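As written, the chains take the letters A, B, C and D, and residue 1 is the first residue of each chain.
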């Protein structure tokens, strides 16, 4: 979601991204209270020399379309981040090692777009035997049909649960 | 497609698998005439101690549902094979190294099921920058809606071409 | 160790390989009594179309130099195998997935040559947080200086234990 | 080499690290004139939430032992970086994808320590078919015997060339 939205369909994506970001911000607060870590898995957008904080600064300071989304989701010092270069968060990244380090077995996925980066990442996670929760209100797609198709596939091919974010019972993950 | 089909939906899959196998057999002959290699990427079905030839023998000799499909597609000495343990042919396998060894840049994918093993493999191939051709008559899904959805996604998310197998112009790949 | 030894230094390697094979055969029997699995991690020697059983047959039936070694170590139906194409048993193979499936946390490594395939595999195992036992009498090197150097490095860089094979206390691994 | 040297042997490593850094700085200037990119492959030292620039800042601003080394090798805007979490620069990182993006086929390795991070990285590079140049004056080991052993192994197992850095003929890499 840390994205300048400065691409062709970006204008069209702003409203749904903002709505998802509001829900995600609320979930992130609930996760923090349970000491469940948040990981930002972010594309480098071909900027091979940039690190995560530079990508965040770019979206906040360069007067870009995605600024209000990033403002809601600004990473804190306690958050983790992983830079990816292709669609899946697992391909050529440290994500799997980080998840083992954190002893994670269940992932809640959020982001855009639901049928590409989220779905590719979900499938890689499922092959690595992680349980998946993918709330419809936390993923962004170009239209609702695409979103519903992606969610249906994720349920069928990755055994993903797809509750709305406020329905997730975090108590079972708190220790 | 080297599969005993001895699972719940297997009976339902036999007819479409047989039809796809007939088209695949024809394409395989055309590929052989152009010296384009065929790679069998096959699940080990949890039989960690079996090799590919034992899996083929099982499907041909143990009186299983999938026998007529395997008869059509019986591997020859000139074929390559890769054993996979999860959905994608690239996950924990030698496939990527083999494809580089063969100097491949374009893959024609076939198999079952189209929305799981084929789609997971296609997405991994796309991230690794292979061009994809995925003929509708060479993939098997549990129903046509599932197949059409998978094909649409593969075109949209992986830039896959989806011609029928007889429409593929192999001349451009012959040297 | 499943190797035809039909390479330049092969004649020179036969005697030490045979000695290591005798010790390995004894350890393998002890492991079997504790239900600790044996995995053959074998090179395909550039024979991309061969499976493991064909490689074994080749070494047993084609009148090759390595035949007496392979006779001692002939795999049984209860053994696992992984085909590798490069030096490390982890690179482009299913080994890591298999080890997680078997819930292994400690590996006893054996094979040739100690400073290449064994050392590359050991280092990859160490990065993946496996404990390592590498008995000097189970690894083969072209000369003793090379072996001692490899063992010293494996102790220093991978925290490998290097007891002789008969000194390994298997009771701690038996359940 | 971006390292605070605040570990047990760190004091002992400072002098050789400083000497290697001086040679590396000179080579880096020569590489820049040929438009050959420099990639910093750096450990995160267990600081999972830090990015590369924070690691650099820490070594420059927190009054640490490694400061003079980092001052010589301070990364510029044109440099690339890869964060690793274990010994090899290839394990769980974007390095291989970046090298393909840069169309690299030969790597000049530098760093500390020569027998661990450099050697593990070299071996992974060799398996991926990169050519290797590893100048003795650019790698740091705890003592000269360890360095000579590592260099000998890298020549023997990875076909590494080991000229001194000033002997490398960059003309053959300039376009």
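Keep in mind that, in the parts below, contacts are C-beta pairs under 8 Å (C-beta built on N, C-alpha and C of every residue); 3 or more make two chains touch, one makes a residue touch a chain.
On a predicted model such as this, the values are computed, not experimentally measured, just so you know.
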Provide the labels of all chains in contact with chain B and in contact with chain C. none
Chain hops separating chain D from chain B, counting only touching neighbours: 2
Please state whether the interface between chain C and chain D is built from the same residues or different ones, using more than half shared residue numbers as the mark of same. same
Averaging only over C-alpha atoms, locate the centres of chain A and chain B and give their separation in whole Å. 31
Just the number, please: Cα centre separation of chain A and chain C in whole Å. 42
Residue numbers of chain C (touch at least two other chains): 86, 91
Arrangement of touching chains [line / ring / star / complete / other]: ring
Throw together a list of every chain pair that touches. A-B, A-D, B-C, C-D
What residues on chain A touch chain D, complex-wise? 48-49, 51-54, 77-81, 83-86, 91-94, 96-98, 101
Note: in the complex, chain B contacts chain A through residues 86-88, 91, 115-116, 119-120, 123-124, 126-127, 149, 153, 156-157
